[in-house]
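Take a look at these structures.
Each of the two complexes below includes subunit A, the first together with subunit B, the second together with subunit C.
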Partner chain A sequence: MNKILGNKTAIAIFTVPALVLFGGTILYSIIMSFRYSLLDWNGFGEGVFVGFANYVKLFQDKVFLRAAGNSLLLGAITLVTQLPLALLLALILTSGIKGEGFYRTVFFIPMTLSSVVIGQLWLKIYNPNYGILNTLLGALGLESLQRNWLGDVDTALLSAFVPIIWQNVGYHMLLFYTSIKSISRDVIEAAKLDGATGFTSAIYITIPLVKPMIRTCAIFVIIGSLKAFDMIYVLTNGGPVHMTEVPSSLMFSNIFNLNKYGYGSSISIFIVVECIIMALVLQKMFHVKDE
Partner chain B sequence: MSEKMKSRSGNRLVRLIITVFLVLWAALQIYPLIWLVFFSFKSNEEIFGGNIAGPPLVWKVENYSNALMSGNVFRYLFNSIWVSLVVVAVTTVLVATSAYALSRMRWKLKKPVYWIFISGMTIPVHATLLPLFLIFRSLHFVNTPMAILLPYTVFALPTGIMILTNAYATLPIEMEESACIDGCNVYQMFWKIMFPLVKPTLAAIAMFTFLSSWNELMFAMTFISDPKWKTLTVGLQSLSGMFYTEWGPIGAGMVVATGPVLLIYLLLSKQVQNALVMGAVKG
Partner chain C sequence: MNRNFKKAAAALASLSMLAAMTGSAVSAEEAEQITLNVSHIFVDQADGQCKGWYRALDEYKETHPNVTIVEDTADNDAYKTKLKTQLAAGSVPDVFYAWGGGFTAPFVEAGIVENLDSYVEDGTINMDAMMPDICNNFYYNGSLYGLPLDSFIGVLMCNQELFDKYELEVPKTMDDLYEVSKVFNENGITPVAMGEKDKWPGLFPFGVLALRYGGVETTTTLLNGEGSFNQEFVAQTAQELQKMVDEGVFSGDSVALTNDEAIEEFKQGRAAMWYSGNWQVGELSSEGSPLAGKLTIVNWPAVTDAAGDQNAFVGGASATLVASATSEHKQEAVEFITFMSQHFSDYAYEEGAILPTWKYEGDMELKPFQETLLGLMESADGFCLAWDTLLDPETADVHSTSLQGIYAQQMTADDYIEAMAAIR
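And now, the complex of A and B:
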């Protein structure tokens, strides 16, 4: 048995292809990204080694600081809107209402669509002249609220966030739903016998029991916001005047539009480090709360 | 009014509010898609002439032939399908074999190798974009399908390996012991005994791998600019530039891009939901 399961040739055949692909692409790329971030390099010829100068510049760059702030703001807004909404929907759907399966399927549909389709669709929804949003406001007699949602510096950022939140509610709803469904029936029955009704049992029984899932979702939401790219790229590409910039869109334009390979790479390393630190901090925070 | 009746009518009110809330939210999630289908059949005159929200008065089917022919959507659709299928096939093989070795087989470096793979889950794809671009340029992969097949597969590995390693770990050791007595070698043990048992999990991994390849944008738009190899996500972006002022064909392209996945989802909604939950919970 030991001999069979310790077969070195088999182990190599099974793991080496995946390991080579993985190491050759991901690990190599991260190391190279870090190396590039120490260079002043426009992509042609050799870069000049400048140490951590790019990082120093990064934290003096107003546009970058706004981008970093925007992604944190997205995380915060998503946390206080998307998660409570998703939890509420999951609580309702698990309370034994009619059409449970139907609603679950419908709420999840946006998750299966690509950000490009959703982004393009929302571009049309926000269209200042013919979009459904301004049309609706007009029909309700609220012409004063009509505006160029994604073009106006005051509304662009929030307007770009709405589709991101809209798309992912169903996903978190489903995670909460699955988690609530896995609570043992006995617990619920016992609570019922003690006189807990829908609302009180949700507050005192269900929500405490799904806390681990709330935590997981909170981490997802925040890390996801730090990495946000697709929807911003499709909707505004960081504009107007960098109002909706996020770190990854800024990285992309620095590298591929401005040929600032070194500076752009320092942004991507910033994203990596920020994600790792944020994940550790959040884990720690939740851990402390537990005790 | 007695206590009981009061609470019953209160209940009815609560139930009404809940139903209204659910219906409103469902409408908010679905109406944009219905609206998309509507305007994909409309002419510009109709959209700009006042009928924005409702169903088209004249169903303009040419929008679809326009998008499919001059907009190349057919080609993009075909590319997306085969690219996603190849990624799923390669990922499935790599994940099934490496997770087996990482979970059931006995060797010294098992733990560190496992953690190397898992570390990949925390790495944002952005950080690999420029280095991959430079490697691919020197290998002449840019503007070939290899440039997206490779990163899609590699980035599908960590989550897949983690989930499947856990799935293998739940199988009882007796299965292998009895196979051992029957004189199986390790390849037979993997292929005949263990592999069939993790097939459902592997199917779920295949599903979310398919969805993420199908929807990926950043690698595709950075590495592919030749219309011959564009996938749907990038194709739609260029379509919206090409038909900037014409809503119908863009809408048609979006419907074509969304249709197949939506259909699969509606047919297999339970499985797709489970697959995505699994990808999240274990990841």
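And now, the complex of A and C:
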């Protein structure tokens, strides 16, 4: 076995399929997108080469800047709400409560549903006429808080974020859960002997030991937020008046509704670059902390 | 048994060979087997247009046994995305469903769509059998590029039961509309249902008001690319729309509702009126619909003292079938769109789903709502499609997003004019 792993030819042969797949589907698309992003092109016929004009326009486009801001805001909100919530749930589940398996499954269910289904579900919850949210507020005598959640420019963005955050809590909870479960019993027992229980045990023993998983989840969360699309598309489609636009939804509408393939491609390249930079920055931050 | 079977099989085989030989002797010169790829949006089998399409297609298949039709279908929005991706990738179907005006313009410019002028000249397409001026939106640079499928008019559908209940008259002028809206609002009923989340429904009231203030000719000229949007009649139209929103003519949550949800509001009697194309009139007035026998169909109210056409309609022919300019079987493709355009017009009309685009020569008895629609059409001052159909996609997007801003009470009429004047 060692002989094979030391054999450079063997390594080359075994990695070829994966490389071809990655190169052919991902790398090639990104390179082509970059090429298109340098064109003024309506998708049909010949494009005109315009250099980096699309990128210059991108950073002067108010709608795009709002979209980019929205996705960063989503990342920040998700980071400070979703991850702590997921961690808390995982800690409670692993603390030996009754019905552990049952709750684990329940929390994970949203992950197994398609985003479109969840989007439709929340559309009904938010519906201003018969939605459960307004009905509930009415029943509690809080009519003044009732509103048109996804249609009102003041509440649309946050209302669209809530389902996105809700949807993925279960996923991160499961990652934390398995990570906590894999901590050696000895460590926990030893801590117990030293008098650490519940809260202190979680703070000083469990959380430091699952730190690598927290790092992974944080990267997932941020990257996921930067490329958020499906839920926004279903819930608001970027409206009202571009208030809930994110870069991906803007890219979609530019390419497929406005026939601006060049400009839309420059948005897609922006998303790629932004994601890579964010991933590197996060890695760096965690490294500094580790040392 | 086995032997009998073998005998029968042998007999059959020789018979079919004979048949094939005689058959080929007859049709060898007239027909080689070809395949046409056709992309379209008729997917909902319960829909009248879809029924009309398949009646026409079945007849085509029977009369053209040498042509194999391979269909590729998707629902409206998905279809647009799919088609654009396909065309951008250079794989153009022989025949495809499209929309006149701004949608097809880039395909024509890119040389993807077959110019139909020569086929009109050689008689493949008989323009005289069509309704007059029905192809107006399919001309680019003076040449014809598509044949019509349906034509429609925008109508105000009123729930007569609700009007009777509150002793109101169906509005004839905008002042009437504001009056009845007040009464409906006081009674917790939405005056006019509107699903502005989808953006396009909100273009209808604006479109018709523009005809009231500016008239068909002025509006069409503007939409075809001449002149600035910063014009008196556009400003008046935007102001009137803003006034309607402010006075509560539409429901306050219109921007959160889709068109389907708005229809539902109207169907269930929670809204008194609905303004849209005549597409759903047949379904709404059919037996089993909660509105059967209660629908009053009129044109949008007039604006007293305005300079435009008070009896003009939003409407015309928009959906079209076009042939690929790169098809290997251009002649057959053009014959196919001609056949389908004409027969679809007849059959979908008989299903009650469309207004005819070709002169109807069948002998079907008209349903009451069809007579109403034809009556409205015949008395009309003129027609103009909704703005998003005629404008190029980018201008159309600014137009529809700004109007959404007015419906959401986030933008004013002045903001709208400013946004549009920035384009031209």
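Keep this in mind: the second predicted complex is superposed on the first by the 267 of 291 C-alpha atoms of A that agree within 3 Å, B and C clash if a C-alpha of one lies under 4 Å from a C-alpha of the other, contacts with A are read in each partner's own complex, and residues count from 1 in each chain.
Assume a contact is a pair of C-beta atoms (placed from the backbone, for glycine too) under 8 Å apart; a residue touches a chain by one contact, two chains touch by 3 or more.
Please read these numbers as outputs of a predicted model, since none were measured by experiment.
Peer 1: Using the touch definition from the top, say if A:Ala202 reaches subunit B (first), subunit C (second), both or neither.
Peer 2: Once the two structures are laid over each other on A, A:Ala202 reaches no partner at all.
Peer 1: A:Gly239 contacts which: subunit B (first), subunit C (second), both, neither?
Peer 2: So A:Gly239 only meets subunit C here.
Peer 1: Given the touch rule stated above, what does A:Ala160 touch, subunit B (first), subunit C (second), both, or neither?
Peer 2: neither
Peer 1: Comparing subunit C with subunit B, which touches more residues belonging to subunit A?
Peer 2: It is B that touches the greater number of subunit A residues.
Peer 1: Name the contact category of A:Ala218: first (subunit B only), second (subunit C only), both, or neither.
Peer 2: Touch partners of A:Ala218: none, neither subunit B nor subunit C.
Peer 1: Using the touch definition from the top, say if A:Ala90 reaches subunit B (first), subunit C (second), both or neither.
Peer 2: It touches nothing on subunit B or subunit C.
Peer 1: Tell me which partner A:Ala228 touches in the superposition: subunit B (first), subunit C (second), both or neither.
Peer 2: Neither subunit B nor subunit C is touched by A:Ala228.
Peer 1: Is A:Leu258 contacted by the first partner subunit B, the second partner subunit C, both or neither?
Peer 2: A:Leu258 contacts subunit C only, not subunit B.
Peer 1: Name the residues of subunit A shared by its contacts with subunit B and its contacts with subunit C.
Peer 2: The answer is residues 129, 256, 261 of subunit A.
Peer 1: State the interface residues of subunit A toward subunit B in the complex, per the touch definition above.
Peer 2: 1-2, 4-8, 10-11, 13-15, 17-19, 21-23, 25-30, 32-33, 36, 89, 92, 97, 99, 103-117, 120-125, 129-132, 135-136, 166, 169-171, 174-175, 178, 198, 216, 220, 226-227, 229-230, 233-234, 248, 251-252, 255-256, 261, 264-265, 268-269, 271-272, 275-276, 279
Peer 1: For a test of understanding, state which residues of subunit A touch subunit C in their complex under the given definition.
Peer 2: 42-45, 126-129, 148-153, 236-237, 239-242, 253, 256-261
Peer 1: Help me check something: in the complex, which residues belonging to subunit B touch subunit A?
Peer 2: Interface residues on the subunit B side: 14, 18-19, 21-22, 25-26, 28-30, 32-33, 35-36, 39, 47-48, 52-53, 94-95, 97-98, 100-102, 104-107, 113, 116-117, 120, 122-132, 134-135, 150-151, 153-155, 157-158, 161, 176-177, 180, 184-187, 189-190, 211, 214-215, 217-218, 222, 232-234, 236-237, 240, 247, 250-251, 254, 257-258, 261-262, 265-266, 269, 272-273, 276-277, 280-281.
Peer 1: Taking the complex as given, what residues does subunit C use to touch subunit A?
Peer 2: Listed in rising order, the residues are 80-81, 84-85, 87-88, 106-107, 109-112, 197, 199, 252-257, 261, 265, 270, 393-394, 397, 401, 404-405, 408, 410-411.
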